[in-house]
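Dropping the structures in below, format is structure tokens.
Two complexes follow with chain A in common, the first pairing it with chain B and the second with chain C.
Coming up: the complex of A and B.
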């Protein structure tokens, strides 16, 4: 037996391991093709993007902030284009770009506060691309300060203040920053890399942080409907189970795959039962019958758009609609890094198409020939159906999403997706 | 032979370990071999200019799918065997930023081309590979036209486990089941692979191929199959040509120098001879995932549709596999690249359209793939067609289920009916209606790659190109071999059709119960059937080989008869032994039954004897001719006695006599009277040579079959004298027999 050679199939972990022996370009390409081949998907994307951008910052050649920004932008847009179905990638790129701008301006401010601050103010992009952005409220204590994202939040607050006064028509590329001292490149590099580490930490801890709010959201005796529980939802429920006695109804079971020996979500159910929480597996068509009995519906989002709409795994929309009709609260678990400063595109609302074999076996010849099978694997949920967005910074409502976006993304970078068309 | 290593650092990284001690470490490196030439011409005339693996499949060269498949399975070292157009393939790979061996972004640590100058088959490639000893462990063997999203991990792990358990488990064939119901992937293939598999272990027991042009729709099961507890006979599998091999497989190829095809020759042969080689081969049958080979135009068609319908995910157009592609999914199930201009009123349904293509108003494209920079005029209708880059289609033209190669120009108001194949750079003038039966196959080049003289009648006055005639090796004029036509003919067109072929009507029936085995029929199969326990298999074996003398295997019969007659005719040698050896070899190779042999021998000798009667050969008397036939060559008599008659039993002797009688009927240019005389002479000669005994001849005389029909009866009557004489001789005692030869002549 050769147990050591478990797998040849490349994964994100094997990619990250290989970073050190690889040229930067090779790493980026490997990731791009992992994304194209769907070997990295879903929640892994954010982590992968942060890792690859860290490599870009560490390995690519740059002499000033501008070059660094363009390196990150070009690498980021290549990665984002490889997987247009994963908007999270763009978010992380924007976060990193904002981080670099912050670090750069911090450096300059330290060097020569007065003169640089003036140019900084002029250079920053106009508020035009984001009309629905709320007027910057100066003294709103950002939740992220509490959650430990403090470093960049303070910077972004500064910028928000500055932006308010400017009406410069200049966009994104921020020319004045190019005056940053080459001598500080080294320092900047390490600071940016530290910053990316923090973003990675945030990504890694987000699930736990969200789970921290579970006992507030779930009350004893609740009937909680979890639609296709993701890892985030699982953590949330397990954490709640340690404090509360309630009942979980697991809905949206996928059709059993070939050779599956275990009942769906067996591991989750075992954990919950161990903690004394009852679980019920519910076939999809039984959903409506149970909705009146349910106290709240919980699922996780793949992305949250700035209008409050959600990109979710297919099927969630039915659960959300049903809950809405019965006036049951719908709670969406979504870490802040999944919040996109953009509106859903036409393609998002049509949903991504998956492999038709989910519905019809390829072996079923007549059906393969006769049918056009569209297996949508994502849904778009309009914002009206959602009651609470539970982020790692705490529960939010739709009306506060804009300020979260403003706290985390720079206006210069919000148009990041516009660069996607270029090559 | 030339071997091209990778240039630059990537190849350097993958230094081959010189010592076996390094093997341990290299176990982790997965190697793959791509066979980029299949030595077939099913894509003619397109492959005159472009190798098959560079033909665009949904606007991506086919080999990209194969390489991506290997990369997604973590393959690190790739060897590509190229045959025809090897420069083109090498050029393509070297130019590709992703795969070029020197490229930093290649997912493979090494990618090498191996050219074999004198290769004429895949077998030659693999024997060459064995000589090079660059394969260190398990490797994946694929063809350059594979489209698959299968993850091989499970199959690889199983393969390793089996290999660890038993060194002789040397190969795993990865197959995809497509069900028993008609399926486009199954329909497209023409040749149906038949796998006999042990369902518990996955061991492959026998492999055969059937195709609709066979005279018999039967597969002969190897007796050894029955020594396994249970087995499944499966015809519902798509063989995608993915093999997981150990280096032992290459050694097997080397041992059998005449194997050419990895399935028909190698797999079949190795399984058949497993008692000799002791190797065990396994089949991994998958129920999910996608795998198919674009091995002919029908499969090309089928896979293209599957890609559009996303069965092949992640290989869908909007994955933008190829560098620089920018497909997006738009409404109506279509995929469109950047800068595609579809005017208002142009409809694009379930199609993929490449960059820079313009589609004018009123045109409708459905179920088709359109390449880059095409210009499609007004009111054009394109259905289920494949239009490659830079093609121009004039206003009002209709294209249905056809392939239009690159840079084709089709004028206005043309009709391109179903199944048309129009190769690169062909121009078709306006208002031309291409023929629909048979569909046109137009090329601008001849087989030797010279420009053709335009066929004005076909492509119009301003046109370029002429009908491309597909050359088949088969010899249609030979009626006897008509049943064994090459099934490749089924695969050379875009549309699978059996029209125009005389199909044998022997029925395919499904085995209902064990009782079926007791009937005189061969085992027939449709779909997959589970055979039960075979405790008494041995006793039933005889029923598995066809004993129907009226329809012996044609290939064996003609070969054997010709061989024997030639040997009898030969003037230079008196020895019959080599002919005998050859005959026995043929018999083993074809697994011919006793009756088939008997018939072949009877026909051969009768034909020779009849020949001697003709003036050209000296117009001998029948008795002289008979004597000459049997005694001219040393060993011939012994051969007839031992092989032809095959024993001392009366029944066998009667059978041989009957076979001779039938054979005489088949001899042309022989009057009935002379034929009868010859038969009598032959029988008498054999009697005197102790080949046939009196009882045998009398048994023949009494046999009803010998008197069936007028002509048979006429022949038989001529022998009455001989028989009566024999009966008398019996009464008189057998001691005088040998002296009475002369008397027999009087009976003519």
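Coming up: the complex of A and C.
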């Protein structure tokens, strides 16, 4: 059934194209179905979420910032609930919410000179819906920057910058307060849309940016163990291959029972071999045997949690653990949009169960009847096994993840996933 | 007298004929037995091969003549079954007979020239960084050294094809085959068994077995013991007496170090299983299976988690066996989710192929990952291993020192090593046949253990 249906399955690209001609509701529903069927998964989720939120901003009806926020929140949580195994969706929703808040506060600052403090204080209220567009509270236009900075630690530096910006001459060009409503809605909409475009650009460019660091990480003569190389890892290795001669050991081949005609990762290996880089496919369960030969282990994460732990495809944990034992560096490739401002749940550390029929055939009646078969497809890797988090912003250690998270997410939105369970 | 004298000449030539032709009738009787087993296709192939042989007569003659000569010379000593003084034809038939024990027998002629090329190919695919590691190889029985005993040929083939896989079953088969070799051995005149047997008869067998698949450490130990035993015989010991002694010794070794050991280890390990435990094991190992079944028979109730290697799938069989015995089994086909599974277990039981002098464990690939995960989670790791598997001369600190390449996955497209090396710090204890009462010793203690337990009957 799979091959015949393959042609009917809308790919992500065609889906995104279709978004423009569809009603908003239809677009959301079709994405939700794809997510539930896992036809959109992994890195694609981030892109799809950004696109759908762009549609929400463009097409849904809203008259002020709060309405926009709640529209995005509700659409975002519906999408996120469709694929709870993809924390990336929640991250993108949080990014968009943070973007809206930023734009809104800029607007307000632009709108009236005196309300900086007020808007700052409002944005403080954690995850409380913002009050209706506030009447200019008669607060003294005092050095409020300091007050705001004192209260809110994580944003203090940014407030400094943003306030400095809004104090610049552009304030003079702002519309008078009385007519602000429709015009500012229009402006906000286009600003937010632009912001989402930027997020999309970031998502699209992340792999290339990460690949830019490959020269620093891979040295001539290295033996690099790549566990189930994803697209990000492939780019990274191919980029490195243009400058360096090394050997790639590809581990984590899928179940051997399905006799694939072509050797796995053939395309990647062809590219690497073409560049003069040797490749070896490992068909092995355990990896301890090969680690003495390996110089570093590279794989990509599905998500990075705020404690530095990783959500990965199952088996990466074996690689990380073995490398850690031999003190070989473990390098995780993860774009910033995969960093989650939350802690891993119990379900994450237990791992997700996948279809075991690749290992124990349904034709094998006695085994299917008698055994409890668990094919775990995701693993949680504790932070102490990871040496380098290579992001599109450069290499990081786990001690500085908090500052990255603070830069990209607003404290109000961190609780976003907590609302997932409701309704 | 005259009558006797007259009568005698007539039967005497007959008797002489009988003795002279004795090998000849023996062969025809053997040959039909062979042909009965041959299928039509095999017959055809054989006929074809013979035709090819005839066509290449001129060529063949040059090669075959010296070969035939050498079989004539040494045939008596090496190939007892073939009889003495046989010609080329007989030699071939005898080879045929020996070879027919295995199904993989190729036709005699026409293969040789192509073999070296194939041989090169087999190893050429191995990535350079692993090229020092040996690999099992299927040698056509026609390629084997002519002195190799048919029983050893059969064992060699089974090892090369991994029909005999774990160290103990390989050891047992080897010892039984050597038993046959000793039974059929006759000391040539002017030699004594203690001087002649090892270099001229035993060594070719060992070489052949090593060529089929690198020897496991248990085989190495047993062969060392066997050679020591042979050398201990006085040069004047009667051949029958020596042979009898060797055969008895082999039986004793099999009984003491394999049969009884298995029972003792299973009993010791079963005692260390507590009511309500969850035992985690990796792959399928005979001793672990025996121990778990023994514990179940003792009336203990416990759960078992079987982690498997998808490239071997032995664990699935183990899981089914345990399930049939009424044990609750959780089966995981790969190492995914290893950490939570190990953390939920109360004991990890691992079977080993060998233990080195530094206490590190040589076991099927993946064992080290399981042991390490268990130790990190604070779960006991218990290794079950016979002392015949202990190697007191070698030390291994990583898995690339002593290992084997999977002959089916030996190229850059698909590569796999069969074993890995578990550092002794990831092993809580080793259960051997020597320890009683469920106690076990740390892996580092094996040298001390071996010295203490040296067995005068075996060494």
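In the analysis below, the second predicted complex is superposed on the first by the 349 of 423 C-alpha atoms of A that agree within 3 Å, B and C clash if a C-alpha of one lies under 4 Å from a C-alpha of the other, contacts with A are read in each partner's own complex, and residues count from 1 in each chain.
Everything that follows uses one rule, which is that a residue touches a chain if its C-beta (ideal position, glycine included) is under 8 Å from a C-beta of that chain, and two chains touch if they have at least 3 such contacts.
The model shown is predicted, which means the values in this text are computed figures rather than measured ones.
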Partner chain(s) touched by A:370 [first = chain B, second = chain C, both, neither]: second
First, second, both or neither for A:356, with chain B first and chain C second: both
Touching partner for A:279 - first (chain B), second (chain C), both, neither: second
Which of chain B and chain C A:29 touches, first, second, both or neither: first
First, second, both or neither for A:315, with chain B first and chain C second: second
Chain A residues contacted in one complex by chain B, in the other by chain C: 257, 350, 356, 366, 372-375
List of chain A residues in touch with chain C within their complex: 223, 247, 253, 255-257, 263, 278-290, 292-293, 314-315, 317-318, 321-322, 325, 349-351, 356, 358-360, 366-367, 370-380
Complex contacts: residues of chain B adjacent to chain A: 27-28, 30, 68, 71-75, 98, 104-107, 151-153, 156-157, 160-161, 164, 176-179, 181-186, 236, 287-288, 290, 309-311, 313-314, 316, 319-321, 324, 328-329, 333, 338, 350
Chain A - residues contacting chain B, complex: 1-2, 4-10, 23, 25-26, 28-30, 33, 36-39, 82, 84, 257-258, 347, 350, 353-357, 361-366, 368-369, 372-375, 421, 423
Contact footprint of chain A on chain C as seen in their complex: 127, 129-130, 308-311, 316, 319-320, 323-324, 328-341, 365-370, 372-373, 376, 398-400, 403, 406, 409, 412-417, 419-422
